[in-house]
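One chain, chain A, appears in both complexes that follow, with chain B as partner in the first and chain C in the second.
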Partner chain A sequence: MTFDWQYIVDALPHYKTALWLTVKLATIGIILAIIVGMVCSIIQYFKVKVLSQIVQVYLEVARNTPLLIQLFFLYYGLPKIGITLSGELCGIIGLTFLGGSYMAEAFRAGMEAVTKSQIETGKAIGLSNLQLMRYVIIPQAFSYSVPGFGANCIFLLKETSVFSGIAILELTNTTKNLMGIFYKTNEALLMLVIGYLIILLPLTLFLTWLERRVRHAEFGN
Partner chain B sequence: MLNSGISVLFEGVNMQRLLLGLLVTLRVALIAVVISIVMGILIGIIRTSKNKLVQIPFRLYLELFRIIPILVWLFVIYYVIPANFDLNLSAEVVALIVFSLWGTAEMSDIVRGSIISLPKHQAESSKALGLSVAQMYRYVLIPQATKRSIPPMINLITRMIKTTALLTMIGVVEVIKVGQQIIEVNNLDHPTISFWIYGFVFLLYFVICFPLSRFSRRLERKWAT
Partner chain C sequence: MSEQVPILQVKGLTKKYGEKIVLNGIDLQVEKGKVIAILGPSGCGKSTFLRCLNGLEEVQGGDILLDNESLINKSTKWREVRQRIGMVFQSYDLFPNLTVMENILLSPLKVQKRNHSEVEAQALELLERVGLADRANDYPRQLSGGQKQRIAIVRALCINPEIMLFDEVTASLDPEMVREVLDVIAQLADQGMTMLIVTHEMNFAKLVADEVIFMDKGNIHEQAPAEQFFTNPQTERAQQFLNILQF
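Coming up: the complex of A and B.
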């Protein structure tokens, strides 16, 4: 196996752009997914009529279908019935759609971990449901669900590789194109693997550190 | 207008072809699942060892599959091995290799996790009773660990089935590829066809994965202690 190092140096700018795009799309998608997930799990927590049934259906559909199909449907299917979305927008919507359901699951587990005494005490001192949520449940549930959120962040970042199925020039798609043009397969794939390691290794280490940190912040144990 | 697309689904052998494509997907998933359950249990038990020389290589193997996306693994094996080692691997074989390696890594972590999560006194009391190591695993640890590991195993199987959608990217003619072929043939006559085909494939995946994830949740609730 031989490597053409000059080619790698020449291709670096392409990978840099692709890396940024990957990080950008993943970050937007993950933030939106956390918001969607929290809203969904709060709706389910209060068992809001009708809405919680809709959320349930959404969760099942999003969790039980592959992202690639969701993206194909958004990108190739919807324009045919009159809804045209750009590739990047499709990617963000797809990632949010998939990620929201996973984040909801993580946050639900966090909310269930809040001890009953906390909620009863909150009620006893006369907090309204909204205040109870805002000051007692959400802050604690958030710290409980950090490990779940972290695992999902890594999962969603990896899922961005699926964006190469639609016309988004992120890491994997850039690699595919470069391989097609220059036929430097080994070099291109080496760069691809290194690209993901650059994003994911620091993130993994950071999340491990964060998990240990938030455990100090937990109340009542 | 909208109806013209859906009718193509039922024209000629289109439905049959899509379902045959689905079979290819499921075949890869099923073989990989069987291999990874067997290998995963073996490696999972080996990984409960406290020897660092055993732990580190397996940990590295697991982390490699956790950190690098499966699609990248598919590309790496598909393009690098045939070009550099003079081996001709079909896309389906590449998929089987990658999915088995990935599944084994994840399964071994589930098995290991469920064994070490058992209370310590279980192992200690079986030693006190004079059971050999093999007997301890056979009669005490494995039966209890099985209950804990089956729900996450089913979840992993669902994930593996969902991930088989990526096979289309390395050119396996599975359900999505067949769908694309049908779209290409009918696109001019029926402009809405891609909406219906992708919608249908979406539904197919849901129909397969939903009962599995439902089943695992029920088991989880039933066996929760």
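Coming up: the complex of A and C.
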């Protein structure tokens, strides 16, 4: 098997653009997903009337449908009722929709890990429910959730490859296009793999470090 | 005998878990400055009793009066009551995400909205008193069990409660650390703090308590001045209990 190295050099700018787009969409989507997830799990934690039922429906729908179908709905379905969104916006919304449900699950587990005696102690020193959340439950739940959040970050980052289904020029779609035009399949796929590794390896290392750091800071082990 | 109204009055307090009766009509009067030790075998309801006084358990009957005001009604603001009745638990439960000082200042600053420098000065003085002034900026994970428990006591004291409840605060400590915590409580007794202490440390109870309550199966079996209770218990159940504890 021979590699056309000159082709790879020529294609680099396309990959660079695609890589940045992938990172950009994933970052925005993941941050929003964490926010949505935390809000949902707090609503469920307090069993807020009506809202917690709505959240429950959302979680079930989001986790039990494929991202590709969610994206199709946003990109091809919504225009039928007069709502037209750009591909990138659909991608971000889709990733947030899916990711929010996974993050909610991770954060719920974190909140449930905060012991009853911590909560009672908080009450015993006069904290209100909101103060209890703000100073006791959320900070600790966050530490407990870091491993779950981390796993979801990696999962969601890889899910951006599904964006190729709605014409977003992220890494996978760019590769498919280049293969279609130049037939340099081996070169293009090699670049694709390297592209994902460039993003995911440092992220994984960072998350491992963060996990250990947070564990130690909170619980000393 | 002074004529003053007891600071805390408990009348016929009843607590049930479903059908199971945990507290079967407890009556108690606590005068200001008195130290009351609550003794009894495991599962007799002594911890539950303290938790009721702090609104951590719902009660099914009877009344609790703090300064002659009933706490058993819908309009009771437990958040305010808890600033007057402090409580320290067996598991100390310092918040691991906050430093020692942040743990202590949390309630005075956020709940009571007191002045920062004033509260900090008070916190430092209290820390000094329990011998931990140098640990103010440490995190709980850096402290031993006994140190954590002393900090938990300081945290409760810094809210300026009128009554302190101690729920087996030395039960999870190494024997060597029990002493340092009991010393702090004994100090408080000397200063005239009103306290209800659930404990298994008999010698400590004998030394510190004005009065002893002996509970079993949700009832108060015997209530007597400490000296009398330990030297000459009246009920058979209390005699039995004390005998078991003496090797």
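Quick note on the criterion: the second predicted complex is superposed on the first by the 218 of 221 C-alpha atoms of A that agree within 3 Å, B and C clash if a C-alpha of one lies under 4 Å from a C-alpha of the other, contacts with A are read in each partner's own complex, and residues count from 1 in each chain.
Simple rule for what comes next: a contact is a pair of C-beta atoms (placed from the backbone, for glycine too) under 8 Å apart; a residue touches a chain by one contact, two chains touch by 3 or more.
For clarity, every value in this text was computed on a predicted model and none was experimentally measured.
S.K.: So, does A:R213 touch the first partner chain B, the second partner chain C, both, or neither?
M.R.: A:R213 contacts neither chain B nor chain C.
S.K.: Of the partners chain B and chain C, which touch A:T204 in the superposed model: first, second, both, neither?
M.R.: In the superposition, A:T204 touches chain B alone.
S.K.: Could you tell me if A:S164 is touching chain B, chain C, both of them or neither one (first, second, both, neither)?
M.R.: first
S.K.: Go through the superposed model and pick first if A:P139 touches only chain B, second if only chain C, both, or neither.
M.R.: second
S.K.: Scan A:I154 for contacts with chain B and chain C and give back first, second, both or neither.
M.R.: first
S.K.: Does chain B (first) or chain C (second) touch A:K16, or do both, or does neither?
M.R.: Neither partner.
S.K.: Contact-wise, after the overlay, does A:G77 reach chain B, chain C, both or neither (first, second, both, neither)?
M.R.: first
S.K.: Looking at A:K123, would you say it contacts chain B, chain C, both, or neither? Reply first, second, both or neither.
M.R.: second
S.K.: Flag every residue of chain B that touches chain A in the complex, lowest number first.
M.R.: 2, 5, 66-72, 75-76, 79-80, 83-84, 158, 162-166, 168-169, 176, 183, 191-199, 201-202, 205-206, 209-210, 213
S.K.: Residues of chain C touching chain A in their complex?
M.R.: 54-56, 78-80, 82-83, 86-87, 89, 91, 93, 95-98, 106-107, 110-112, 139, 141-142, 152, 155-156, 159
S.K.: Give every residue of chain A touching chain C within the complex, in rising order.
M.R.: On the chain A side, the touching residues are 115, 117-118, 120-128, 131, 135-136, 139-140, 143, 217-220.
S.K.: Inside the complex, what are the residues of chain A that reach chain B?
M.R.: For this pair, the touching residues of chain A are 1, 60-61, 63-70, 72-73, 76-78, 80-81, 154, 158-159, 161-162, 164-165, 172, 175-176, 179, 185-186, 189, 192-193, 196-197, 200-201, 204.
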